[in-house]
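In what follows, subunit A forms one complex with subunit B and a second complex with subunit C.
The block that comes next holds the complex of A and B.
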């Protein structure tokens, strides 16, 4: 599974980091880093994080690379 | 009815089960001055803007009339960050976040998942053979209480004491001071003090004998901002304990009620549990646990929708009305568990947006996923159920459900 975070929309609420700490990471207090290709055992967490993002900044797709978004 | 009585009508217990027609009046009337001098806002964009407006304070000391805020602590005690403004709010929130979440502790909430699942399963096991269940007493309340106590490091044996104090504190919070008796108010202040003392003592014990809980981390692992003072720790740990008690219970209960009222959504979520995270966001919009924020005050005159809200006046933001604003959400009165555009106000917004939101989400997602299969042969015993008194933390006091015959 691939994910893309629209960093223009992301407001660094960090909900995703709480819900999927292996996939998303906060550097300092406001910079969000993420793993674009989600390992199999983290997919459910990544989906929960996408659903909970307050500004819906996380896009998930089974095979799509960043270019398709 | 006149818009200047809306606050009175929202507070009126007779409207607790269905306040939504009143919220529709808020949408029509914009910002309204109430006959007691407070200002009510229930439209989405205005609430969101005010929650991001540095001229709006959460510190009740900015009120012109101190009688408009419930008295919750004695002179000289520290204040919890929910009632402070930046930079003090930011400093305390940052120190408290360090042992709770990212960037310093990104795994604590995720690591609670297994515990939460096990607590849910144990509670549900105890209900297996019953024909009548009170969802509040037997499931929705014990779960978050157990979890927040475990997170902070409160021993299981002390949970009943915490529970009793929390009840007194909540009973003393009402939107209109004067409406509840002096006695109830004092019981609330005393319970808060007892809880704070208890947490102070517990953190002292963790100082000498640390464990892997959040209180131990708070006293041992201070970051660049330094540690909390003992008094700050007492006030803010009390805040976490109370917030962890009295909100998630409403979300789980409202979720159960809403699914029992919407059989199609019930079947869909029971069969496709992976849709639950989004459904929980919709519950936070459609039936939020916190209906209004009664504690804001403008520090200077502020104009909103052609109304000037004077400096020092009580400003009440009705989050639950903003969540149903037709100018923001399509079909706002429809429960749509797959709703995509859903930037609800259930956890507030801006600098005070809910600290515990990730924990509340994880708990409620797990709880409802575990509960739904058990509801198969149950129906609501009463609809509407009896509600708690509070118009702020609004939710059912009991949610009795009964087994349907023939199964």
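The block that comes next holds the complex of A and C.
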């Protein structure tokens, strides 16, 4: 599973950091950093983080590109 | 007009963020015909912003930054193949592997590449790098992991500054050389440029402004140091050339399209112009390679190297590719971008370089938490926040409604804002780094320069 965060939209509410600390972290006061490739054991947490984001800035999904079937 | 979705063959040249989101939007809009994506890089679409941030810091690996898909796109992917040209009469794309791809509608989303060091022999020295692709980032990380004694960053735009930030965070000595008066000055003007210089120096960056690199020196093919225009020289193990981006338009040279060094011109509906300024019906443009007119900025053609613009413009282009007439939409999104460096979250809305004045409306430079608001002839045209992202939306509304500048005192501070000062936006030609927001005049294929009204004091001499 891959994630991408629309950091134009992100306002550092940091809900994702609480829900999936191994995937999201605050770097400084309000800079969000994320692991674009989510380890298998973190996927459920990442999905919950995406759902909880107050500004809906997180997209999760399979890697885009060839081989989508 | 029928409500039936448009049918035909679509080719998208460029398989990065804009190409991918366009493909997804085409399917969202009900397009069921054959769709082909062509990408020069062998990797499936990936996210570039982490390359100068998470990846350089070692928090994510360069090969693990793939973009998630929003939906299946049922497309044929031709990756690792460059497009070499377009036959506009027969409506075919010519690929480097010899294939001719026929299309009924075409989307051009070929983006940009890193501007190389101008001296090819010096650029080939082992240890001289650029940063644009995941491959570039992997190479740079390897060098940084090896613990160089000093890294030289040439150009203090956003990419150069983020690289310098990552180096300092890794405890590496770094020298940044910028021909202009300050870092980020091409995008943010004089006041925040001076602020960025202060921040870099406070973080231990050896920042040299108003200086150019005259030569890169090497021994046995290995980069060893550089000589500067002020007569000084320095030893370094790695040089990162961060001189901005070059738009990938050369392959369009014989196409008859209005393509040049500043991008491929299109209308607000993302339809490409021909070199005669006639809008095409079946060639569309999106992302970093596009230049498009924006009503908020006097209909000047904007060229934006922004993640958000790639997404928004790709969606509009894709929709317009499969709809006709009055149901087509304009691309009117207000430009937004972000950068993180030296512990600061810098975000921008509007076009800061389209300004004559700037005021620190909230916070202060000293607190390193502020909102700078930019005005042009008495209306608000941009705002930049430093660790104050929550205010961006508010200022976006003010920009969209052409609110008066300077802005009225917000209640948030409790103190009156400082007086506006000249925004000191230098001519981009005087900078090492290219501006990531370029105002490129009104015509499809001629260079125009924005002339600020009245005398604008500037730290650098004008030619």
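One rule holds for everything that comes next: the second predicted complex is superposed on the first by the 64 of 69 C-alpha atoms of A that agree within 3 Å, B and C clash if a C-alpha of one lies under 4 Å from a C-alpha of the other, contacts with A are read in each partner's own complex, and residues count from 1 in each chain.
Convention: a residue touches a chain if its C-beta (ideal position, glycine included) is under 8 Å from a C-beta of that chain, and two chains touch if they have at least 3 such contacts.
Since this is a predicted model, take the numbers as computed values, not measurements.
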item	value
Contacts of A:1 with subunit B and subunit C, given as first, second, both or neither	second
Touching partner for A:18 - first (subunit B), second (subunit C), both, neither	first
Subunit B versus subunit C as contact partner of A:37, first or second or both or neither	second
Subunit B versus subunit C as contact partner of A:27, first or second or both or neither	both
Superposed model, subunit A: greater residue contact from subunit B or subunit C	C
Which of subunit B and subunit C A:46 touches, first, second, both or neither	neither
First, second, both or neither for A:61, with subunit B first and subunit C second	second
Shared contact residues on subunit A - subunit B and subunit C	25, 27-29
Residue numbers on subunit A that touch subunit B, as the complex places them	13-15, 17-21, 25-29, 44-45, 47-48, 51-52, 54-56
Parts of subunit A lying in touch with subunit C, wherever the complex brings them together	1-4, 6-8, 10-12, 25, 27-31, 33-37, 59-66, 68-69
Subunit A-touching residues of subunit B, taken from the complex the two chains share	101-103, 106-107, 109-110, 274, 277-278, 280-281, 340-343, 347, 353, 357-359, 361-362, 365
Footprint of subunit A on subunit C - complex, ascending	15, 20, 44-47, 49-50, 53-54, 57, 59-61, 64-70, 72-74, 77, 79, 307-308, 311, 336-338, 340, 343-345, 347, 369, 387, 389-390
